[in-house]
Structure formats: structure tokens, C-alpha cells
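Structures follow.
In what follows, chain A forms one complex with chain B and a second complex with chain C.
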Partner chain A sequence: MSVHRDTVLIVGATILTFFLLTIGFFVLLGKPPFEMIGMLLTYALGDGYSISQTLAKTTPILLCALAAAVPGRLGLISVGAEGQLYAGAITGTAVVLAAPDLPAALMLPMMLVCAALGWAFYGYVPGILRARMQINETITTLVLNYVAVLWVNALVFGPWKDPASQGWPATITFPGAAILPALPSSRIHLGLLIAIALAIGLHFFFTRGASSQKIQILAGNRKVGEMFGLNFGTWVIVLMAMGGAIAGIAGIAEVSAIQGRLQPTISIGYGLTGFLVSWLSRHQPLIILPVAFLVGGLVAASDALQLFAKVPAASAIILQGLLFAIALAVPGIIKSMRPNYER
Partner chain B sequence: MSADLLTFLGAWSIATLRSATPLIFTTLGETLTQRTGVINLGIEGEMLVGACVGFAVGVATGNPWLGLLAGGLAGATLSCLHAALVLGANANQIGSGLAVWMVSLGITSYFGRALVGNQVTPLPDLGSPLTDGVPFLGIFFGQMTMSVPLAVAAVVFAAWWLAHTRTGIQWQAVGESARISSENGIRPKIVRFKAILLGGLLSGFGGAILSVDYTQTWAQDMTKGRGLIAVGLVIVARWKPALVLPICIIFGLAEVAVLRMQTAGWSISPHLLATTPYLVVLFILIINHAVARRDTNMPADLKRVFA
Partner chain C sequence: MQKAIACFENVTRRFGDLIAVNDANLEIFPGEVTAILGENGAGKSTLMKLLYGVHTPSSGRILINGKPSTISGPADAMINGVGMVFQNFSLLPALTVRDNLLLAWPKTPYWVSEKNKRTTEVLANLKRLAPHINPYSKVSNLSVGEQQLVELCKVLNLSARIVILDEPTSVLTPAESQRLHGFIRQLADEGVSVVLITHKLADVEACADRIAVMRQGQIVDVSTRGQKSMSEIVTLMMGSDVKREISPPTYPKKRVEKLFLNKICATAPGMSLKDISLSIAAGEIVGLAGVAGNGQALLAQVIAGIHPATSGDVVLDGVSLIRRTQMETLSTPLGYIPEKPRENAVVENMTLSKNLNLRELASGNIDATEDTKNLLTRFHVNPPEMDRRASTLSGGNLQKLVSARELGWPRAAILACYPTMGLDLTAIQMIYREIFAQAEAGAAVLWISEDLDDLIAGSHRIAIIRDGQLVAVKNNDGKLNRDTLGALMTGLHPERRIA
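Showing the complex of A and B:
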């Protein structure tokens, strides 16, 4: 990975523009901008508790980003992590509900594997549609997001509802054996470790070995790849399913470690946020790691800001949207300012 | 017996048309945008902004028409962001659409909170003494508002305009090849900018019809993927404005069938029933593929976006 002069310029300009727009945003809200940004930083990284909150948000974002990055390496734009996250929560929870008495040593692996395997399927479906029918994967993954969320709703309002929970739609509280182990008195749980391990593993998968070369060739030029006898469709399906599996783990990790039971709202848009992180990092797992941490900090801090400074919750989404827009705009603008730029 | 049947048919057909109307405007807008070779996933966001602003203005002024107008303008305004990113900075079109959507999700949930629970004056229905009590027509016109004929007129006009006017043909040329059209004295970026704006306008208008005319309420993220569904339906409509009408009506029919199943007391989870529109659009896309095999009518420059 060579750090290019252009990359530094692009990243610098993106951060600077984002900083300026954030100031503008807070001014528009009628809040003192620098104080607000200071508070954002404090609530993201200020003390042990803030860092624990940030890492708790980082975990699903990191997993969803990896889920988007895997198909992204092939040039696919999969925005299905949100739905895959919900779908993974369903299959993972199914294990817990079917056998609540399993010991942790069996329960946790089974829960995770079912969340991943079952919902590799949720990536597999758009993969097949894209590979065999040329149906655009962005549209199908986006549409399927809504379906998975509704499935979770149907289950927790219906057959999976804990009768003891009166009106509240949720499953039974997970038994201790089904809760991912976490650091004492924090929300940092095993999911984070899994996510980091996956990021490192994916880095090697995408930079070393025969399959990485195949993916690179296919991503660069599909026709050349197919002349080599590589099957684009097969790789689409494999990578989409892999992405789905990773997002599935994010889902069950949230349910098990953070909420302790399945309820209608598992994610606050982690899928879309993860996609943004993956895009900002150009689908490179090792860059995704720090970016997910930064964006996780932004999400966690805006939660705190909402509580203490009465800044609306929606501002986190607005800021993410702005960040996305800037990241899209900056490279093109820099390129067009080059003297030898051809229109 | 036959009077019952007529009432039944009347109720179904008007319900279908009304549920399809917001989608007709949005799909038509996206079709025209894509005909110039630009895909805009941001119409989901533009529809949402249109629904939010349209509802707000409708509530504030008490005039639903002003609401619809404001919704359309809001959609067009937001679409400028997509235009700036795609045309100004050569950004990835799909990424840019998603950014637009994200911004709009945030903005509408911020400003929309104050709107929840408000009442809006709906458009008047078109029932008149002339049709009241007439078997089919009575219920048909009694539940119809101007939005339905407007949607049909918009589709007919757009189909004619695209095929038979000088500018319409220029738009098509740009969609096939920006290079060749610019060699022929057309400025592709200007055409695409106009097309993105028009798409935003129609999507915002469709969104406003959803909140002001159809549901007559505002809820956070109320479009629930309708804009994304519209992007899918454009493919099924083969990028032909005229086909937007039947495709959206099929879709509306499915939605109405689901609503009727619910009220008829089917013991299916309402959440499962709510998945139908999404599954229907996937199903239609698959059928479309089985029938057509290739994206033959896809504007050539648009293919590059997906290459």
C-alpha cells in the first residue's frame, strides 16, 4: 500500500471541508460550533466511558463496513448490510430460542455460525440475481433491507414474543450462556474482537493468494477475467454471500451483547453507515478499521450531544450524509483543477 | 349481484390508482433522468423531502395544492446536490444517490418531528351529482382526486414529448452517447442537469402526493423505499415513459390486494403483509428478465454506469 501524494491531498481536503461544513451546520442549528465540536471529541474519546461507548458503536459499523467491502472489491455496490444484520439477528436468535439451555461453549459458536451461515443466504439472493439475471445488486439489496426489518417485526410481535413482556414486543431475555462475553462494566464485547480479526483476515485474503489475484483481475476488467476462464457470476455470488455472513454476525452481536434480546429496533442505520465507511476506505479492510472507529465516535458522541446539548439525533445522519457527499466530490474536483485535465 | 360486482370493481380500481399515483410521478421522473444516461438513487430522498415539505406547507397554508407545489420544488432543490456531485465532480452516480438519500433522511427526521400528528386539508374528491349513485362511476369518482388524472396526463405528455419534440429527442441522444450528441451541438451536461432537476421535481411531487393526498399524514421515513422501488420499476418499464403507467398500476394492485387481505381479516402478521411491495418488485424484475433477457432498451451511456 503506497501512500500517494494524491491520497494525502484528497484525504486532507475531505477532512478540512467536512470540518468547515460541520461548523456551518452547528451555526445553522444556532449552537456555538467550536464548543460543539469540542464536545463531540470529548464524548467520543474523552474518558474510559466515552471510549467504551465509541467502541460499542464501532463494532457493528466495522462489521457492516466489511460486509460492504467484500463485494465492493469486485466493484459491486451492496447496500444490504442493514437487512443482513437484521436477518442474522433472526437466525442467531432462533438458535437461542430453540435450545436456551445449551452451555456457553456450545451456544455462542452455534449462535454466531447460524447468524453468519443462515444469512450468507441474504447476500446470496441478490448475488444470484446479479450474476444470473443482471439485476442490479444495489437496488435488490436496498429493497431487501426493508423486508428483513419487517420479518424481525413479524417475529417479535408474533410467535417469538415473550408472553411475560406484556405489551412490549421482544423475545425472552437471552440466557447468560447466549450473551457474548464483554469487558467488565463496559459495552466492549467479543464482537469487536471478531470484527478486528475479520478485518485483518480479509486484508490478507484480498492481498495475498490466488483468489485475491482473480478478484483483482475481474474487478479491473470483467472481459479479461473471463478470458482467463474466471467466472464473474460465481465470484459475485461468493463475495455477496460472504458479505451477508459478516453483516449477520453484526446483527447477532448487537442483539446478544447490547440488547440481550431480539426487539424491533436493532440497528440505527449501521448498515448505511458501514457502507459509507467502506466507501471512504475504498473497500480496504485495514483502512476500514480506523475509519470505522472515527465514525463510531461520531455516532456515539452525537448520542451524548443529543442528551446533553439538545442537538437533535438526526444530526448524526445529516453529518454522515455530508461527509459522504464531500468524499464523493473532493477527488473529482481536485482532478478537474489539474492543468492537464481533459473535459 | 352485478351492482355489487360493479361497486367492488369501482372500489378496487380507484384504490389501485390512488396507491399507484405517487409512484407514477416518481418512476416517470426517474425514467426521464435515466433516459439522459444518469441514474439517481437519490429520488428516494427527494421523494421523502417532497413528502415532508409538501406536508408542512399543506398544513401551514391549508392549501393542498401549495403543498404539492412546495414538495416538487423541495425535491428539485435536493436533486441539485446529486447534479453537483455527478456532473460537477464526476462522482460515482450510485454513491451520490445514496449520499443524497442519507442527507434527506437526516433533514426530514429533524424537521419532520414537529409535523407528526398534524392534519392536512386533502385535495377535494371529484364526485359530483352527475356520477353519485351511478354503480361503477359513483364510487370511482367519489374517491378520486385530481392527482390521478394528473398522473395519467403527465405520463401521456412525457411519452409524447420525449418521442416527438426537438428537446425530447436531444435528451434521448444524450442518453445514448454524450460524446456524439456534443459533436452535434448539444450540451450533454446541461441536458443531464435539466433531467436530474425534472426527476427531482417529479419525485418531490410524488412524495407530496403520498403525504398530502394519499396517506394525509407525515411519519418519519414514510416513503419506506418507494423511491428505490421506482428505480427498479424503471428497468421493468424498459425506460419507456408510456410503460410507467401499466407497471405502476400492477404494483398498486398488489399493494391494494394486501390492504384488502388485512381488512378482510386474514390472520397473517401485518408485518409480513407489508413485505409484499418489496417482494413484488423483485418478482417483477425477475419476470422482466425472463421475458426480455437483455437490457436492450437501456440507454447506452447508462450501461457505462453499471459496467
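Showing the complex of A and C:
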């Protein structure tokens, strides 16, 4: 169980360091630090509205984190969640545009499945390139992000533009049947439930069962895995496609439940945020859950903080950057401080 | 006699418990080629890295020109006129040959245009040593052998007084080797001391003036050219001191062919196998002898279905085991003990019990509850804690762990590559007992080793591999000895003098 204890220690130390540096940041800004942190907490969790905002941000971050964690378990570094999110949005929207009159009972599953397939394909391509030709998956996923984002632009500025929108680049507003159900007067939608279910499901997939052992062997020593008949390439493709599908769901959920239509800016860097959340949590779905919530809260609260407390707009991004820099640095520092850490 | 340019006095180097170099005494003279000959892991490279400043001696001292060496690192060594060419090179593949040479050259002017006459000298050594290499082609486009030559030019450009070459011919073609040999002689004639680390007798024969033989960290012999015969040198290299109690099972009464290698051909970078055929009967132990780097490792990987074969087949009980393409994967039914267990045979971040059950885990059976604790003690894995991670074990214990996995259950065939590497005497006896027990139970055993005494004591037949081909398969009828095997391994006549 030493793995588990280490993770808890690292996450704890990270949050503590972040807290201390945040105080320093507000002092530098000339704001009362504890009051500001108090406000951050209030805007993240203070009332129903804040919690709803936080959870709305948590959903895509959580899904994108899971999308990075799935290939991450095999030691792959996929930064493609952002692009996969856009790709899922495209294929999901295509269903809505093709058959806007479907009843919700058919529309929602079809929309989600198509989004997942779109993303799965978008993960499959870098997967097969890596598996068959040793082409670096980090670079291909990174570059494909731009392709997907620009495809969305091309579509909403072009063939999919709502003629009634008078030049505004967006599709038609989604019919009611295509909107993911949400809690009344809040932005907490079905996507969150799907995301949590996926996180728990992935936890079992990665810790119990036959596949978990195969993935662990291949991640630990590819040569040994192949000696016993495991095919690295097949698993690369499977896990990249799975990750892609998860990010695709994030895309369509965001379009359907939050925006109500496909438009150029679906994501405010959720893909990259999710990637960092996944690495911060060591690709462990049950750790990703609270970390994504924490980061979602930070995103939502710093948005509010900039509106109400007159801190510069950039401080939201600075705080996020701070969090991730610490998250990357702290584990290394803890390791090096141990007198006899295992290699 | 001349004065030595470098002198090792009782030099010892330890890495933890391992004594890599033990009480070494050696003199290196200007204008001479000193060959350091020995098997893998004999301590040849470590000895020279001490001179080059990569490591410092644990005890003893090194004199350079009669004064204690103050060399503290490679950069310092180069200033002091000591250059070393490593087995793995330090060239920048994206740059041209000329740029690589200029980078390492102390006299490189600020302006490196081709028209600058002060840069022409950097290519002088390259033109002498390897006129066929275009200095303007990128290093990434060169063959491994050509890269080695460029690396050598880099060191020569430092006008070093001592040039150390670490296994320089292991990646060269025969023609390139020949040119290198001539060049080494020429360097020596110019007064440079050349140290040639090698396990190839051909290198020694071609150009060595003085031959130091190392075994298990010790310099066991230093002789000048012509003093010793080839077979004496081979005997010194392989060692014959430890007598072990090895009693192989009796040869099976009725010969039932079990493991069948049929005209295997395969290629890997720097090595190719040509038409290897061998048939091993149930209960038979066949030893495979050869000087390291003659294709044993590749052959083992092909038989185990890890490296694809270009043609031929491996058949065990009528079932083909071989991989045809790089994409294909299959689980090997052999009890397979690869070399270098840490890299090739264990998953370090998994527990010992999981490592013992890798076969079952990989085939999707997670309920495998073998009695791992017993296996760990039976194979002397220390500590025998099932939930310990494999990464915490020492190399020797990892070797035993892999043996436990591969020999702990009855197997149809055993493929063991240096199964006793890094083990102590009791563990070695235990491993042999387990392998022989498998043979007695009817397994076909192919046993790859460099230890000729053990092979002669323990196998029914001995096959000899050289340059990727089986050159002979001898019945171990009591008449085989180290000299005859050594001669077959090196391809040289045993009585021929090094002259």
C-alpha cells in the first residue's frame, strides 16, 4: 500500500505549498491574503450557485483528465484532450443537425455515442501511428488539437452556420431534446454523472480485472509483456481510442448543456487543464475526482474573484499556473529529500 | 627499456559489493599497442575508465609520466592527452561529420566556413583513416561502423598521447577492421600509446604489442607479443580455476526429438544469423558456446519468439514458436531465462509474487495462486517477501527470481542464457540442479554460456556459434577440452602463435 500513502502525501504537500504561495501572491498584489482566500472559497463553494458553477467547470476538466489518464496508464503522454473535445463536439452536433426532430430518448444516447466515436477516432489515429510506426503520440495529439479546433471554426463559419444568426458564427440552437438534462436552475448536468461514473468504472478497470494486469506489465516492461504474448501496439490503439472517446463526451456535454449550440469557443483550455490534473493525480481515477473538483472550483472562483474583488483578470490564470507548477515540482522535491528513496 | 607513460599500481575499484577491478598492476608504454583482453564483465572498460577519469580508484594509484594522476574527469583527461573512444558514441546525429569534428577540436577557429584555411586540418585524420566518408554528410546517415571511425577521428584530433579504444571492431566490417588495425599500428609508430579493449583475438593478433588478460576484475597475465600461443590466451581469458560439482542427468536412452531449429535466418542491427539448424531431444542438454557478440543473444530471442526470423522455423513438439513480423506477438511456452534480467525479464514496479505469475497475468488469468512463497525460498530469492517490489532486489536476486519463474514449473523445453550470471557458488549449483531436473523430466535444454568448464561438465552436446553461424556441434564424449572449443569459438588454429 506504499503507493497509496505516497500519493496522499504528495497531494497534501502540493495543496499546502499552493496555499502558502497563494498567500504570497495576494500580498504582492496588495490585497489582504486571507480575506482573498476566503473569498475564493466562498465563490467556489459558498452557496448553491457557486457550487453549481464549480461543478459545471469540474465536468469537462474531469472528463479530459480521465481522457489523459487512460493512455497515461500505459506510459503514453497524450495531450490531445483539447482536440478530442472539439472532435466530439463536431460528431455529436452532426447528429443533432442531421435529425433535429428525434425524441430525447433517442437523441441523447445517439448524440453521446457519436461524440464518443468521433473522439475515439481522433484518439485512434495517433494511437495507430504510435503503435505501427513509432511516431511520437505527444506531438501528433498536440498538433491534431489545432486541426480539430479549426474544423469547428470552418464548420460554424461555413456550412453549419445558422442562417438566422446574422453573421454570428454558431449553429442553430439545439432543440430541447438534444439538451442534456440538468438540475433545475443550475448548470449541473448529466455530463457530471457520466464523468463520475466513468471515473469509478475506470478505477475498477485499472485496479481489478485481467486488463489491469496486462496494462501494468506492458507499462512496466514492454519487452517482458511481449515475451508473454501481449501486443503493445494493440493496447496503445485501444487505450488511445478509449481516452479519445471520453474527451469526446466532454465536448458534446459542454456544447449541449452549457452553450446550447456549437460555436468556436467551446473549451477554455479544459484539455490541457485535464492533462495536468491527470498527471498531478498520477493517472489514478479516484484521485482525479477530487483534484478535478478542486481545480474546477479554482477556475470558477477566480473568475468570480476578478469580477467582484477587482484583482487583475490574469490572476485566475496565474493561480492555475501556480498550482500546476507546484504539482509538478513538489513530488520531485519530496523524492529527493528522502534519504533512501527507491531509485 | 622505455619509461611507462601510464602505470597502474595496485588499483582496486568497487561498486558497492562488486569488485570491478581488483588489485590491478599494469604499465602502458609510449609507441606500443596494449591489448586488454577479457570476457564481458571482466573489468576491462572499468580499468580504462579509471585512467580516463570517469571513475576514481577505491584504492591504489595511477601514475602518468611517473607522477600521480590528477585527472578528475573526461574533460581533464583530454587536456592531459588521454582520449577514449566508447562503445556508445557521443556524436550529434543531426550535424555533419565535419561539424562534429569541429565541435570537439580544441583548435576550432571562431569562423568555421569551409573557406577558412584554419579548419582544413580538422579533416586530416578523417582523410587518412576513412577516406570514403564524406565530411559533409550528416552523422545520422552513416553506418554504425562509420560513426565509430568518426568518433575515433575526434579523439585523434586532440593529439592525445594515450588513445583508449573500447571494443572498436565490434561494429566494424572486416574491411573497416583491417583499415583500423593498420591505422592503430601507424599511430603506435608515431609514438602514441594505444590501449585496445577487446574480446576479439583477431584484434590482438593483428596489432597488439603487449597483451593483458583480465578475468573477474583481475589482470591474470601480461605478456608481450609472441610469448603465448592462442590457446594459452583463450585458457587465461576463460579461467579454469573453479571446479564445480556438476552432474548432468544421463543421456536419454531413446532419442525423441523435441525442440527443432530449422535453418533459422534473422537479422538485427550489427548481427545476422545464417541457416542455424539444431535438433534437441527430450532430456538432452545442448550447450551453446561462443565468444560474446557472435549471435547468441539474437538466436535466443528468435527461439523465444521475441525477435522475428526472416526465414526458418523453431518447432517444439510439432508446434511452431517463431515470430514472422515485428507486429506479431506470441507467448513463449519455453522456460526462457534471458540475459540481463532487469531489462529483459522482470517488471520492476510489480511485486515478486506478480513477477512469478507474469505468464498467467498476461494471459488474463488473475486468480493464479501458485505457492510463490515456496518458490522464492526454493530458488534462494532473498528476501523471500512476496509483496516486495522487484525493483528493490539486487541483480543476482533478480536472476534467481527469473529462474524461479521459468524453472519452477515443468516445461517442455528450457532456453537459458547465462543463467548463473552474477550468482554465488551455492546459487549456481542450485540453478544447475533445477535445469538438470527439468531435463530429467523430459525437457529439451538449450544452454547458452561463456563458461566452457561448466558447459563441458554439464552438457551432452556442445554447439559452437561464430559470426551468426553454427560452426560445429560436438558430442561431449569426454574428449572435448577448452582448447579445442576455444579454437572453434575464435576460428583460429589452437597451436598458432600470435606473431
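In this text, the second predicted complex is superposed on the first by the 326 of 343 C-alpha atoms of A that agree within 3 Å, B and C clash if a C-alpha of one lies under 4 Å from a C-alpha of the other, contacts with A are read in each partner's own complex, and residues count from 1 in each chain.
Quick note on the criterion: contacts are C-beta pairs under 8 Å (C-beta built on N, C-alpha and C of every residue); 3 or more make two chains touch, one makes a residue touch a chain.
Quantities reported herein were computed from a predicted structural model and do not represent experimental measurements.
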Requested in this report: Answer with clash or fit: chain B and chain C placed together on chain A by superposition.
Outcome: clash
Query raised in the report: Now for A:F25: first (chain B), second (chain C), both, or neither, which partner does it touch?
Result: neither
Requested in this report: Quick one: classify A:W151 as touching chain B (first), chain C (second), both or neither.
Outcome: first
Requested in this report: Go through the superposed model and pick first if A:F205 touches only chain B, second if only chain C, both, or neither.
Outcome: neither
Requested in this report: Applying the touch criterion given at the start, work out whether A:G225 contacts chain B, chain C, both or neither, answering first, second, both or neither.
Outcome: second
Query raised in the report: Comparing chain C with chain B, which touches more residues belonging to chain A?
Result: B
Report task. Applying the touch criterion given at the start, work out whether A:Q320 contacts chain B, chain C, both or neither, answering first, second, both or neither. Result -> first
Requested in this report: Would you check which partner chain A:F121 touches, where first means chain B only, second means chain C only, and both and neither mean what they say?
Outcome: neither
Query raised in the report: Between 20-28, 92-100, 236-244 or 488-496, which chain C stretch has C-alpha clashes with chain B?
Result: 92-100
Query raised in the report: Common interface residues of chain A with chain B and chain C?
Result: none
Report task. Can you check the complex and tell me which residues of chain C touch chain A? Result -> 304-306, 327, 329-332, 336, 338, 343-350, 354, 358-359, 361-366, 389, 391-392
Requested in this report: Please give the residue numbers of chain A that touch chain C in the complex, ascending.
Outcome: 132, 209-211, 213-214, 216-217, 220-221, 223-233, 342-343
Report summary line: chain A residues touching chain B in their complex are 77, 79, 129, 133-136, 138-140, 142-147, 150-151, 153-154, 157-158, 269, 272, 275-276, 279, 312-322, 324-325, 328-333, 335-336
**Report entry** Complex contacts: residues of chain B adjacent to chain A
**Finding:** 41, 81, 84-85, 88-92, 94-96, 98-107, 109-110, 113, 224-225, 228-229, 231-232, 235, 269, 271-272, 274-275, 278-279, 281-282, 285-286, 289, 295, 306
